[in-house]
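Should a chain be cited, it is by its letter among A, B, C and D, assigned in written order, with residues numbered from 1 in that chain.
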């Protein structure tokens, strides 16, 4: 069990009546127990909480008049990851995939797996169909791309990134997801907090469905998957923006943090490759 | 908007390995926003959180060895009740009831509505089929029964109570529910925290489905419905026990509290009868 | 795989404007594939289909003016039951029961398990906590009760039946369910069609949750569980009445049938006790 | 009420062990009542039915050895569309959109709304924000694109189509969806059967969320929306392919049909523009 304190503080200058949609609360599920949590809005406005089923992403919607606005979220999370020996984890055959997993084989806005069928097959088609194949994808993505802040934008797709050969965390995840789907491995995007991420920020990584479960992967190697606190899950980054703004607002200031309180050191080693880590319902 | 701080502290002496199931967390839904929340177990044991769909009751399960155990829950809840003019609220005809509401017409363990069809029809069958009919039921229950601590037990049913002519909050609710169902009005049990309840304790009340919504009722008149913080909802008290214990444990000490921080005074008047109050999804 | 043709024909004389709620359609789930199905109303009126989540019982609601009414349902069902060696099936410990199974430990209208704790413990408490204990309950119910048409009514409960020592299929099921729950075994009521039932009628039986699955039991021994086609599932018979009538109607005529087209003979033997049969999602 | 008979017959020559996923069954919901239905596989193999929540698309999965295979589906559907006066239907403000509708504002694989924000705003941003704005989008799509069989392929996106200026039904729908989302109107793809479509085939169209409901639109004007029988709903065509094949199979023959049995003529006029039509849960 890893206990992690996460949070963020978002400061806005709002120019016109504006509606915000925040996706910053830690997910509540059997793997993430929230011991303490607070969500403050300063000055006080009524917020509305909701959840997009079936993934349980928690959202807060807030409509405010012009003026200053500060949103603060903090949580103490007990994280219980399920571990597996990587060598024991095989791919799930198509005929055994549960119905609710099937949509994660479909291409999505930033993950054009349908255009990468031949490419993925040539690069990874002959590898053993198990956990090590997704590791091979992550290693290839890590070697192929350089992590360069500011190199890509909000409409950049996996295919764009494969040409640019650089990107940020969401781009690394999109390429990993696209290659998995092209090989018939269901994959999806996860937004979260991450311990030991430098500089601290919201993080994006991905999950692949293997052997009847979702396993976490991060091709950036920037932070250990055992220290990831899930905010939301989606087909790609389009589904889990940490904020959506309808109106007009500047964001002069933002802090994000994730600190371990107690931990299982092994899972918090970014070089861990033998232990497969699963944290999804 | 009413802001209410609720919580409880439960102390146990555990004699054998024991599993507890707690139903003490405030429900999270569009009407109850949790601003701050904590759930502490002392000494530390891993807890498991779950939700019984589709009502979203939040449960915590905890298995512990013999020894002392303290469980503490606190929450700051922003309560947004929907109000309606009582005179505008009619009953919903059977042919328009949504499918997920229909089970609340069925009799349940402590609410034998199937045995009260004639009784309910004679007493209330000729009244106008709207909100005032449920008010009439509550008034009749209040007049008919005396609130007497310790007068009933865990297997006491609505029919038992109608003979005894006394009971506690859960009994008042069971009779109200049974009479509603017997008249064709869907009704269900709610367990919660209640501001201004004397002495402080967990409270039980009920909801009736009228005019496409669930409205709160409390035939005990012990506390104002505008100060109720929902824990869980069920067919009757059997579904929402605040603790279930499998093993052996004594409970030498328990505190429960609910205090208003900011409030809408009108809804916090137990004599309010003109404003119908709704707080369910 | 067993292929079974089921159906019913219900004839009514309707005296006033009346709303019917029918629970006669075979459930659709991974265990019951509907190859062909028809639902006819004569004369034609618009019907409304719905499902009570989360159990997926399919309902049809129909409002008609006075006059004659015939409702006919037919389906060809491919039934895929999962079998297990009875001796391999143990009870699931309380701390491992899934959240959505927990409500089936609660007492319900016709299954007062809370009043049978001591009785059940004395009779069955010392038996091995596995499949054979539920078999022992069924055998005891079979020996203790005599199956007598017309001996009980719609408000008869398990405790009533234990005094009367006779009843019909729903009563046998209610007693079995009550004893299971009293011992900490989740149990629930199933309404369905049954091959080889004499005389043909709707049937009631039950399921117990063992070893992570729901297993079918029928203490009446009137028909083989491998030939049961599920209509609906509930806490007890209150949840799955085949028809609910609001208004005024006579029912001069009713036929129900269930015939095997192809079958796995072993499961269609009512004396089967070695093979445990599971057919629930 | 429109009664429509739909069906299809799909013939395959299967070369290797192959798994099929079919999305050809009419959706079951409050707007589509299935009076009769059959799903036959020749020769007989066990099929598996499932539903992708939360949209309720019904899928059939089937694994077969090499050889000939024929799949036949037929259904008699009573279609109950809800009508509204087009001039009464306004757009729903962002702050009032339900949580489960929000994902339909996100860009998807074939609907790159995030790249069309400025384009959509220039073309349609100044129009009255109500039903007529979506009609204006459909009219523009109809005028701008030529319907040309074979002009596009499975990876063609809305932006591709806007350059090509031609496409088939799925392309018309993708452009309509993209422009709606770019304007802040939730929109989604619907696959279905369509009365009076020439030549008969599966059809693709779209829905926009207005005034608290989903309304049907078809920019191709090839068939009347009142004769659409829904198979499935998704973010775009990627989610609702009528068949997915894993293995190797040829499809030498396919028939699709949709014929009205009884109808409300007004809704079956493709030139209807005054009556807005809604048929989604």
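Please note the rule applied: a residue touches a chain if its C-beta (ideal position, glycine included) is under 8 Å from a C-beta of that chain, and two chains touch if they have at least 3 such contacts.
Bear in mind that the values here come from a model prediction, so they are computed numbers and not experimental data.
A.B. asks: What are the chains that chain A and chain B both touch?
C.D. replies: Of all the chains present, none is in contact with both chain A and chain B.
A.B. asks: Measuring centre to centre with C-alpha atoms, which chain is farthest from chain D?
C.D. replies: In terms of C-alpha centroids, the chain at the greatest distance from chain D is B.
A.B. asks: Once you find the CA centre of chain A and the CA centre of chain D, what distance in Å lies between them?
C.D. replies: Chain centroid spacing, chain A to chain D, equals 30 Å.
A.B. asks: Whole-Å distance, chain C centre to chain D centre, using C-alpha means?
C.D. replies: Whole-Å distance between the two chain centres: 38.
A.B. asks: For chain A and chain C, let me know how many angstrom lie between their CA-based centres, rounded off.
C.D. replies: Their C-alpha centroids are separated by 44 Å.
A.B. asks: Mind pulling the chain D residues that touch 2 or more other chains?
C.D. replies: In chain D, the residues touching two or more other chains are 50.
A.B. asks: Using the contact rule from the top, write out all pairs of chains that touch.
C.D. replies: Touching chain pairs, listed by label, are A-B, A-D, B-C, C-D.
A.B. asks: Under the definition above, what is the set of chain A residues touching chain D in their complex?
C.D. replies: Going by the criterion above, the answer is residues 19, 21, 50-54, 59, 61, 63, 94-95, 98-100, 102-103, 106-109, 111-112, 114-115, 154-155, 184, 235, 238-239, 246.
A.B. asks: Over in the complex, which chain C residues touch chain D? Could you list them?
C.D. replies: Answer in residue numbers: 1, 28-30, 33-40, 46-50, 78, 80.
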